[in-house]
Each structure stands twice: as structure tokens, then as C-alpha cells.
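Two complexes come next, and they have one chain in common, subunit A, joined by subunit B in the first and subunit C in the second.
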Partner chain A sequence: MTPASAGDIELHDLRDQQFLDEVHSFQFWFDSVEGYLTDRPYGRDADVAVPVLEPELADRLVTTLCNYCLGETAALDGASSLVHDAPTRNAKIFLATQVADEARHLEVFRYRLGELGIADPEAEIERRGNQALVEFRGELLDMIAAGDWPAAVFAQNVVLETLEYTVFRFHADNADEVTRQMLRGVVADERRHSGFGENHLGRWLATEPSGRQRLQAVRQRLDPLVAAIFSGALDDIGFAPADRPPLARDYVEAIDRLGLTA
Partner chain B sequence: MSELETMIVVDGAGDGPRQRYELEDVGFREVPKQWRKFYRHWRGPGDALAPNEVICPICKVVIRSTRELRPGDKVYCMPCMSRMVVVRGADGRLEADVIF
Partner chain C sequence: MSDFLSQYSIQRWLEACPQGYLDGTVYGYLPGQSEPEELLADEGMREQAISTTVQLVAGERAALAASSGLVNCAPDDASKLFLATQTLDEARHVEIFCQRLYDLGVKKEDLESTVARYANPNLVKFAEVLLAKVAAGDFIAGVVGQNIVLEGMAFSVFEMMEAGARQLNPKFAHTLTGTIADERRHVGFGENRIGSLIKQHPEKREEIEKMQEEMAYYMLAAFNDVFSNSPPPAAPSDAPEAEWHGVNLTAATPAQMEELLATTVIGEFKTRLNRIGLEYRQPKVPA
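On to the complex of A and B.
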């Protein structure tokens, strides 16, 4: 690999392979997260005051964070398992960086649960977990166990990551300062994760057009779960149906770009 | 476009002179330092794209170039790892289509 060096060069003049090698690399990941995680313990400024929330708001946030932990655990299990099955070294390296990201997300969400007075996060996650998210995790792990790489990447990096990217972004705009800062850092990671999935599958579908039908079937199976997860997330955050933004738009756009609209 | 950024030269490539821009880091921290000047966050209603900018349709970050963009130009979105080509949209504005 020829390292891309910046200097005065135009980024967009890089060769395609040079760009792909760069953005899949561990070095790229390291230099990227340095920009928004250095000196930010548990994803927030060291000097930000932890707010005291109204009991009802705190309870909603606990439920939301429990479900975020559920989603991040699914992504952590998924990404770590997919490293083995990844068809290229670039994909393996990228997924290894995703494993680190997902572990960090899980850790910061659990830490925030502790700040909210949750002494036993595992029991709380079990008690408050959205059943649709539990089922989604089961579907994802089944695809991985079956060795169905494209379906698993679709479920994890397109569906789950786009869901998380959208919900976290929306929640960050409506959260207390600590939660907002924490979510903003997670959103920056999610851009890479969902982009990897869409681009990887887009390239695969360009050479395997028959794969489109397979992924459409996976999409149809997952769609009811996606709808239930979105709805549950908005309930947890506390938005009345009339005030809900079109959260599914990013998901629908990704599906359209991949040509998976049924 | 930052006030500190200046149009520095005009070249003759393409269908006519093309403006060139000297980019500065405007606080986009999600890619390595050397690449940060090529991106910025969309600032919402009231924001506008300069002739050297286009929005990534996947992650909605603003992609910037050292030259005025024209249909057919290739651009890269590092934050979401995507390759794109610049096209003219139905409303006449420049957009980016993802290349797989």
C-alpha cells in the first residue's frame, strides 16, 4: 500500500484503491478517533457537570440506555464474529476497528447507567430490553452462524448501524449535556460503520446481481423488527407520535441506493 | 466557506476557467488532521454550499474540494468511506451520487 500523504494534494485526486486502503486502515481509525475522543473520559468533556434529572426523565433515559446497550452488544458480537469471515484484509482490519468502537460504546452507556443509579446494569438491560431488538440480535447471530456474510453485513452494518446512527443523532439533539456529548462521539463512529456496510455491499452487488434478491428477502424479514425498534426508541426518549420525525428516512435511502426496495 | 479561505488561482480545465480554493480546517474532527480541511458539518437552515462543496448523501457531511466542482468530478467522503461522482440535480444544484 502506498500511504496517502496530504501536504498540498487534493484529496479527491487519490486513486480509488489508495482511498479505500486509507479509510479501512487501523491508522486512519486511530487518527480519526483522536480528534473527538482524546481527553474526553467516557465520551464527554472532563469538566462537564453531571446533571440531576427529573425522576421520570431519568427513568426514560435508563430504559433508552439499556436498549442502546442491547444494540451495542449485538454489534459487538456481530463485528467480532465477522472479522473471521471477512473476505478481504481491508475488511478484516476495518471490522477490528469497529469491534473497538462497539466495546467503547457499550462501556460509556453502562457508565452513564451507573451515574443514573443503576447498580446492576445486566439485570436492568434484561428487564427493560425491547423484544424486537432481542429478536434482531438473534437473527443477526443466526446469519453469522450460517456463514452468510452478505446478509450479516447487511443486518449489522446497514440496518442496525443506520438505525443507531439515526436514533443517536436525533436523541443527541434532545438530551442533557452529558448524554449529548456522549452520543455525538458515538455518531461519528456510526458514520464509518454504516458507510462500510453500504459501500461493501454495493461493490458486492455490482458483481453479484443475484445477491439483490437474497438481501431483499432479508430486508423483508427484518423490516417489522426495524419498525418496532424505531417506535420503541422514540417511546423511550419520550416523543409523542405527533412530534416524531421521519427517523426511518436514512434507512429507506440506504435501501434505495442499494437497489433493495421491493 | 470561511472568510479566510481565498480563491487563489483560476485554471483552464474542463469547460472553462475553474476556480481554485485554499482550504482551511474549520473544525471537522472526525477524520485525521491532514484531511480535516476537506470536510465540514452542515449548519442547517441558512447554510449554503459554495461552488467547491457538495453534501454526502450517506452521512450528510459537507465534502469540500480545492477546486470548483463540476458534473463528472469524483469526490471522496472519508467519514463514511464513500466514493461519489458529482451530478447536476433536477433543481440545477450540484449533488453527489454514490459509486459502488
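On to the complex of A and C.
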């Protein structure tokens, strides 16, 4: 949409600050999301037929979507609270785009719950929510309240986003057509969010000698919750323990890229 | 409540903004539009435009901090979703007004020092009153301060500036048109969502009206600074007429413009506060 934006320039040819100015801008977000949001009401093609699912499958999907809503609410509360503490204007603007993305995800998942016959999503989310996700949200908001920006960005944009990216991508390959389309759009956003987290923390770790140790401690605190969230997600989608894919691989790779492997 | 809130969904926002009035724009204006050459060539006019734009950046930064801060204390998902769209709107406003500063010749590395140099201290205090409520997690006071008082003020200021710029600076006028459309939506949410909450929490009235009085004081003091203490240069004698609320802005004196803006904004405050069950409190006249 803008001459100096996504389609017309080679991002990696830009100087460091120019690169950040570009990729963290509203304009860049605008161009990035245009392709998969334009004319896609509630995250799917306008003409896609809503499938009728077997009752057991529908019930599993409701539980899965309730937990996705819980995760997206944590991400929405986290990203919006992080805007205030963001150290640069670029980071503030990027996080504002992330706030809108997370809200959009919450909206499309709630809409899908409505299609599956859930009249009161908030009560259903409360009833079916995975306790590990509730605890993760609490940990994240505590880090934000304590003003620990690197820990909060790590928990939000690396751990939570990688977790969601991995589960959604896997689920999309195994879902009905409407859910699949919806999840593919969400995955595109999560990739952008985790990219911000890794890029931002990578720069911070390069200048902060004690940073790695601090984030490793956060990682160790969050690991049991991450394992419980992965396990709960696979239970909800309907995978027997023996057939489970190695979902934790993406998570471990993201941790490795930041050099945080214990 | 849920019916009205469905009008403020992300889906509606996508259809109205990115796929609606912002479609085809670049930083809020049309490709090919630029600041007028006369403005860029006249140092006095250029500095005045920078100073004016800095006030917009300062106001929008406060709005970004407030709307993002309110998401986490919103009592329901629908309000969270709307405030998420507002967060992005405000971030866009910060970006487009910063872009205008660059277009006016401010270097990127000088952005913060330029904002610090020109930001009106009374506007800063106006924002601090609001942000104290947001920091305390006070959703009702925060939304009244943000979506009724701050947005109500911005709405009228932008309308007046858009009327003045329509002929002289179509690029800036176009930028303002998009922000006015956003502000209208924000004010609408504030009026619709908060009325019921004020009814449920009548004990909050006194505190919120006091906040409004304090914010109105700093707003009027900022208007006074802008129009009377450092008045904008007179429009060129051949400038086209620009009318707003029945007044010819090209011929009006700074004092008349201040009076017009203050009267309009306060009139709007009274109407909107009334709709949500609050009384407008007139602050002391700033010295």
C-alpha cells in the first residue's frame, strides 16, 4: 500500500534503524495483514461452507477453542500492558499492532464457538480452561507489573507466541476447513510476533551480560507450564500419547536461537 | 449491551478502516500529496506547523498509553476488543503525525527533542490526569477521561484544523479526515459503554466529574497558550475562506479562534457527559 513498504523493498538491505522503523510500523502491519484479512470475514473465505461435525469432535473443538481464547486473552492483556513499558516508539507501535492482532484472534475463535452452539463463551472458557494457561497468564502479568520488560517480552513474544504458533499450525493440518483457514491466518500473525520477540531480545542479550542467566531462570519457571499446555492441547485435539507429534521442537529451537538452553 | 458492542468489533473495524476510508492512503494521505511549497519555504510558517503537529503527537501518545492500558482492566471481552482497535488507531495517529514532522523537515534523530521542545506543558498535565486513572486500573474514569474528554477535544480540534487546511493543505486535511473518523468511533464507544456503568456505580460520579474539571482546566490553559501567548501567523490575504461553525477561520483573530474552539469543545462535553449521566463541571478560568 505504501511505496516504502513490504512489497517494494528488500527489507534486509536496510540499515539497522531503518529496518526497525519499517518492520515495526503501522504501515508495515497494514501491508502484511492485508492479504489474509481483506474480504475474509471472521478469518475465512466468505463462501466457505460451515461443516457439521460429529458431536464428540464438536465437543473436543469447543474445548480446544476455549483454551485458544484463554491463550489469546493472555496475549491481549500482555501485549496491551507492554505498550506502556516499551523502550522505543517503534516497539510501542509494533505492540499496538499486536494488540489488534490478538483481539482479532480472540474474536474469530469466539465466533467459531458461536457457530458450534456456545451461547455464553465466557462461562464456557471458564469451565473448560486449562489451569496451566491461567497460571501462565498470571506469571506474565506479574512480570509486567514488576516492570521486568525483557522477562515479559520473553514470556509473551517468544514462549507464548511460539507455543501458539506450533499448536495452531499442527491443528490447522488436522482441522475442518473453516477452522483450518482461521488458524492459518492466526499463524501468520504469531510468526510476526515471535520475530519481534526474538529480534528484540537478541539485541538486548548482546549488550546485557547477565541477561542470558535472567531469561534462563524465567524459562525454567515457565517450562512446566509450557509442557502442561502442550499436553492439554494435544488431549483436546484428540491425540493418544503414542501418536503425539514432537510439538516442543519449535519451542526448543526458539530457545536455542536465543542461546537460552540450560 | 452486547448488541451495541457488536458494532465495535474487529470485523467492523476492518471493514470500516483498513478496507474502508484508509484504503489507498500512505501515512493517512493520498499518494502524491505533499506539504505546500509555501509552507516549507517560510521558516515561520514551518515552525508553527511543527509546533502544532507536536501537540497532536503529544495528545496521541497519551491516547495510545491510555487505550492500551485500559484493555487489561476492561470488564468484558467485547470492550477489550474495541479498545484493542482503538490502541491500533492511536498508534497509527502517533505514526502519521510523526511522519508529518519528518515531512516538515524534522530529522528522525531529532524527533524526541522536538517533541520535548514544543509540547505544551498544560497538554502534558492534561494527559497526566488521565494516565493516573489508567495506571490505577480505574476503567470507568479512564474511559470517560479518554473517550469522552480527550477524544472529544481531539475531535473538535481536528475538525477545526481540517476546515482550515482543506484548501491550503489538502495533504494535511486528508490525514485529519481519517483521524476524525476514528475519533468519532471512539467517542461513540465511550458514550454507549460508560452510561450503563455509571448507572451501576453512582458513587464514582464525584471523582469522575472532578477529573473532568481538572482535565478541562488544563485543556483551556493549553488553548490559551496556543492561541494567545504564541498566536499562529495571520493567513495570507489571498487565502481562501475556511468556515467552521459559522466562523471564517481565515479572518478570525487568535482570540476569536480560541473562544470558538473552547465554546465548541465545552458544548460537546456538556452534551456527551449528559448522555452518560454526568454533569459538566466548569473549571476556574486559567490565568
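The rule we apply is simple: the second predicted complex is superposed on the first by the 250 of 262 C-alpha atoms of A that agree within 3 Å, B and C clash if a C-alpha of one lies under 4 Å from a C-alpha of the other, contacts with A are read in each partner's own complex, and residues count from 1 in each chain.
In the analysis below, contacts are C-beta pairs under 8 Å (C-beta built on N, C-alpha and C of every residue); 3 or more make two chains touch, one makes a residue touch a chain.
What you are looking at is a predicted structure, and each value in this text was computed from that prediction instead of being measured.
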Quick check on the superposition: with subunit A as the shared anchor, is it clash or fit for subunit B versus subunit C? fit
Just to be sure I read the superposition right, which of the two partners does A:221 touch: subunit B = first, subunit C = second, or both, or neither? neither
Go through the superposed model and pick first if A:25 touches only subunit B, second if only subunit C, both, or neither. second
Between subunit B (first) and subunit C (second), which, if any, makes contact with A:127: first, second, both or neither? neither
Check the residue A:205 against both partner chains and state whether it touches subunit B (first), subunit C (second), both, or neither. first
Vertex subunit A; arms to subunit B and subunit C (CA centroids, nearest 10 degrees): 100
Could you tell me if A:76 is touching subunit B, subunit C, both of them or neither one (first, second, both, neither)? second
Scan A:195 for contacts with subunit B and subunit C and give back first, second, both or neither. first
With chain A overlaid, the minimum CA to CA distance between subunit B and subunit C in angstrom is 13
Intersection of the subunit A residues that touch subunit B with those that touch subunit C: 34
Provide the residue numbers of subunit A that touch subunit B in the complex, in ascending order. 5-6, 10-12, 14, 16, 19-20, 22-24, 28, 31-32, 34-36, 188, 191-192, 194-196, 198-199, 202-203, 205-206, 253-254, 257
Can you check the complex and tell me which residues of subunit C touch subunit A? 9-11, 14, 18-19, 22-27, 31, 64-65, 68-69, 71-72, 76-77, 80-81, 83-85, 87-88, 90-92, 94-95, 98, 108, 111
So in the complex, which bits of subunit A are touching subunit C? 1-3, 17, 21, 25-27, 30, 33-34, 37-39, 41-42, 73, 76-77, 80-81, 83-84, 89, 92-93, 95-97, 99-100, 102-104, 106-107, 110, 121-122, 141
Subunit A-facing residues of subunit B, complex: 29-36, 38, 57-59, 61, 65-67, 73-83, 98, 100
